[in-house]
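Across the two complexes that follow, chain A remains constant while its partner is chain B and subsequently chain C.
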Partner chain A sequence: MTKWGMVIDLDKCTGCQACTTACAMENNTLPGENWQDVLFYHEGTYPTAKLTWLPRPCMQCENPSCVTVCPTRATYKDMDAGGIVFVDWNKCIGCKYCMIACPYGVRFYADEQPVVEPDVRDVFPGEGQLWAPPYQSPESDARRGIGIQPKGVVSKCTFCYHKVSQAPEGVADLDEDNPETKEYVPACVRTCPPKARYFGDLDNPESEVNRLIADQRGVRLRDHTGNRPQVYYLGSGADVPAYNPPSDS
Partner chain B sequence: MREHGDQDLPARLSLDAAACLTIRRPDAGCEACAAICPAQAIGIDTRAVEIDHDLCTGCARCVASCPTGALDLPGVRPSHDALSATLECSRVAKADRAEGAQIVPCLGGVSAARLLGLLAAGASVTLVDRGWCADCSSGGCAQPWADTVQSVASDLAHLGRAAGHLLVIDAPLPFDRAQPAPPPSRPRQQGYSRRQLFRRLTTPPPAPDRSRVTTAQPFAGKVDAPALLARRENLRTLHGAGDLPAEFFPALAVTGEPDLRLAASLCPTRALTLYEEASADRLVFDAAQCLDCGDCEVAGGLALHRRGQGSHTGPETLISRAMAECPQCLRRYAPSEGQRICDGCHKDNDLAAAAFGLMRRKQVPYGA
Partner chain C sequence: MNNGNILKGPLGILLLIVSAGVAIAAFAYAMMDLMAVGHRSFNTSSQMPWGQPIATYLYFALASSGLGMIAALPLVFGFKQFYPLAKRSIYLAFIILISGMAVLAMELGHVFRMLWVMPLNMQIQSAMFWMGVFYIADLLFLLWKFQKMEGKEWDSKTSRQIGIASFLAVLLASGNLALIFGMMSMRPFWFDGLMPIYFYLTAVASGLAAVVFFTYLAYGFNRSAMPAPMRAMFAGSLPRLFAAVLGGTVLFIAVRAITGLYTNNPEIYLVWRDYLFASPVYQASLWLGIVVPFVIMLIAGLRANAGIQVLVSMAVFAGLFAERYFFVVGGQVVPLFRGTWEWGLIEYTPSLTEWALTIMGSAMLFALYAAGERFLNLSAMPDDLPAASGREATA
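Take a look at the complex of A and B:
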């Protein structure tokens, strides 16, 4: 059975946010809700401050804590869909338990978001659909949380299920450089300029993602929570090097 | 305007929708006016109070029963100029009336606010009990004014005023000397004619106006409470200089950490208001507008007491909670001590720090 997984090489990632933009355009996410974003994180203080960044999609955990806490079983892990975690917008009551339970902070509710300018709630008042995007992706599947997010539900990354699900059966990797599979690659992977992202089947021993994880010692974030993400990170912890003041001598 | 007795009583009952609990806050479940109406002229529907002016006899008992003072019957305002006001039921024949008595449709229809208003104007009030209220269709019980008079009397007692300013005199008259009860202008219909029945079946009932209520703002409507505000003003007048004792009003004690926004939106009146200022959220409590309903206790950490202690100066800040703007996401949040960024941003930073801590670990050679 397919188990879709993503590998993100932090040494290659430049923090350009192209994935964030591509995701927003592909999935028509609400302004201010980024199903995929790049966290910028700095430590230390001037003059020895360091800046690093972390691309953060939904980890599609093998043992997702968001599914466990959902009181209406609106959010579920679909093993037939490659182990992707979906939100059923028909069942979601917007209680936001899953947002608290998620250790990675990748679930979104319009009211919880910082107010972006202009505030969508003022621009698109009323009931139902929160906003009318200029381009609307034709895909819509409320049972999997795909389409325009209605009011009062939680939304999350779907690993671009509407594209990934079209891939031929038994394919090991979805590679944007391979003409046969490039149409099925998730938007963030396909658009990544430095090719820091890889997408493939974790259950297929032949896949490139498995090889990368094994060769480059891929790690999962917050593994102590027992969530067992299907997103792996590679890298040596490179960052923008700290400023070294010239010595006086 | 209907001729009644020998005094013109404008029997047009008016409803102030902004002050009506049933219209603004249907969850409060207030049916006081419909329950007390002897003519069943008031019907309660979701967010609607329907007054059948043809059935209304103008007794004004609903006016006295309304907790917020939303109902008004202009004609029954006793005049304030007299130093002593003697109130008589309108069914007392002219020859039997006490001298200089003011006529009210029903003694049970004089609201506490009216009585206090008369007292505050310096009059001493006397109600004349003719002993036939239990037999009258408007009264329905022996002393329909008892609740009102008792609440005003207890207010007077707390003020240290002599009870003699508010008297109820027993002057029984035989019931056969009473004038006929005020008739409704149209008798209650027992059934439908065939034509009426078909018309009723074919025309849809008028839908109540819910245009100003959305599911997004179910609690948007705060209820005005003119009767409660008037009570405070009258009590202040009666009390004279100095602060009012707080025992006239309910009191709210903070026992924990309530959800300020929830508490403020649950309050049906403006007794609890949330002020969102730059550096703090303030929950302000105005005891005089409190209906003593206890809805705010649902927000947790609040305990309602029937009577306060100390003195009442007006609206007071119950809780002030420090708020700050998160420098990372610009959202307002309640910081705990020493907290610089909001919880969400802290979670994000923590994740990134954990990720890079993981990456910078000394790499174990492959196969070791």
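Take a look at the complex of A and C:
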């Protein structure tokens, strides 16, 4: 059975946020509702200060804590869809418990104050949905949290399931450089300029993602939580520094 | 029995009208905001998903559980000196839970959907699913128990069985509510297997504050107007119980604060150092709302004084509300990832709409209480209760 996974090479990532932008365009997310984001950190002080960054999609965990806390089964892990974790917008009651339980902070309740002005929801008001952007993805599947979201529900990255699900059965990798698979590649992977992202089947021993994880010692973020992400990081920088307030820096 | 209950007269009607008016006005204000801009009217965010409405619900739900536990003292454990509180406690437990649920309903994204999605999907792994189950059971048992009291069935076999079932429902509901927070290992400030014990203790403290205040309110803050067994209880066993429970609360907060400050884990010690103890409001609520009331209740000459008891109950009421607020928000102020959007601790101040929900719940509680005092006999107790039983023992 396919188990979709992503590998992000931090030594290649330039922090350009092209992935963040592509995700927002592909999925019609609101400003601040960054299903995919690149978080910037600074560590240390002069002369050893450094700037580092971390791309952060939903980890699509093998053992997702967001799923078990959901009182309505609106959040679920679909093993028939490559193990992607979805939110069923027809079942979500907006209790936000999943947002509390996610150790990665990658769930969003977009019915919140705008992070930028003017509020695009007022500029493009929607009926029955949070907003009506001028370009709307033709794909819509409320049961999987795909499309323009309605009010009062939680949203999250779907690994661009509307694209990935169209891929030929049994394919090991979805590579944007391969003409046969490029249309099925998640937006953040396809747009990545330095090709820092790879997407493929973690259950297929022949896949490039498995080779990279094995050869380059891929690690999972916050693995101590036991959530076992299906997103792996290569290179230096996956060790996110512990929280340190500016006053202590 | 209810001679001296000022709320049976025009003052009760006035309280009912005023608090119902405030509740309706606050509801209308919050509803208008929610209809116009949705939850944009809250100051919560994806980084801080649970704010003051959740804290208000938590406070009300736990005060209700505390009242249920207090009622269990005479009804389940045979501490007869607390019978004068039993019926009012059960009634207050019911209405305070209803008020809390009303606030929660306004906080959720889709409250009506919940009514069918939860039973149809039976996610038994979710503590929040069990919260629904246990609090509904709690409500039903409270209602049933109250109905038995209305029928003057204080000590029948059925009444005792319902009392025990109600007590168990209270324990399950509030213990499970504690686990909603206590099981979140990704939120280290909350993650604590003893959280149910902490919630039980503070629930009883807030329940005691509620029943002391509302009983005095019913009698115009005049203890001499109360029936003799009630007077004896307020002079003897009740203040001692209040002192003991406040002491337990102080101890628990102290232990949590000491371990929190001692640890190197920034997701815990920073909450205590840079959020809780750095906040003058938290400091005031801790010292004036919990510690000073405890010290006052330790002094035998003061704790029996009616005016002091009312003041302490009001202080604890406010202090524990702040404690719930800082507990809920404190578990979320350290961002899961320090990064682009959050460099420091997450800042949160409740919006006017969120305050309106807290006011709505509180006013609803007062309105339902005034109606209860007016139309029901909340001071009822078994006829054969000795007036001096309050001096016999402490809980």
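By our rule, the second predicted complex is superposed on the first by the 220 of 249 C-alpha atoms of A that agree within 3 Å, B and C clash if a C-alpha of one lies under 4 Å from a C-alpha of the other, contacts with A are read in each partner's own complex, and residues count from 1 in each chain.
In this section, a contact is a pair of C-beta atoms (placed from the backbone, for glycine too) under 8 Å apart; a residue touches a chain by one contact, two chains touch by 3 or more.
Not measured: the values here are computed from a predicted model.
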item: Contacts of A:Lys96 with chain B and chain C, given as first, second, both or neither; value: second
item: Which superposed partner A:Val7 touches (first chain B, second chain C, both, neither); value: neither
item: Partner chain(s) touched by A:Phe108 [first = chain B, second = chain C, both, neither]; value: second
item: Which of chain B and chain C A:Pro71 touches, first, second, both or neither; value: second
item: Touching partner for A:Ser236 - first (chain B), second (chain C), both, neither; value: first
item: Partner chain(s) touched by A:Val153 [first = chain B, second = chain C, both, neither]; value: second
item: Larger contact residue set on chain A - chain B or chain C; value: C
item: Which superposed partner A:Val85 touches (first chain B, second chain C, both, neither); value: neither
item: Partner chain(s) touched by A:Tyr41 [first = chain B, second = chain C, both, neither]; value: both
item: Which of chain B and chain C A:Cys61 touches, first, second, both or neither; value: neither
item: Contacts on chain A seen with chain B and repeated with chain C across the two complexes; value: 39-41, 54, 56, 103-105, 112, 114-115, 151
item: Contact footprint of chain A on chain C as seen in their complex; value: 38-40, 42-47, 49-50, 108-111, 113-114, 117-118, 121, 123, 125-129, 131-132, 180, 184-187, 266-267, 270, 274, 331-332, 334-341, 343-345
item: List of chain A residues in touch with chain B within their complex; value: 10, 39-41, 43, 52-54, 56, 103-105, 112, 114-115, 127, 151, 215, 217, 219, 221-222, 233, 235-239
item: Chain B residues touching chain A - in the complex, by the definition given at the top; value: 214-216, 326, 329-331, 344, 347-349, 351-356, 358-361, 363-364, 366
item: Touch list for chain A against partner chain C, complex; value: 32-33, 37-41, 54, 56, 65, 68-74, 91-97, 99-105, 107-115, 119, 121, 151-154, 225, 240-247
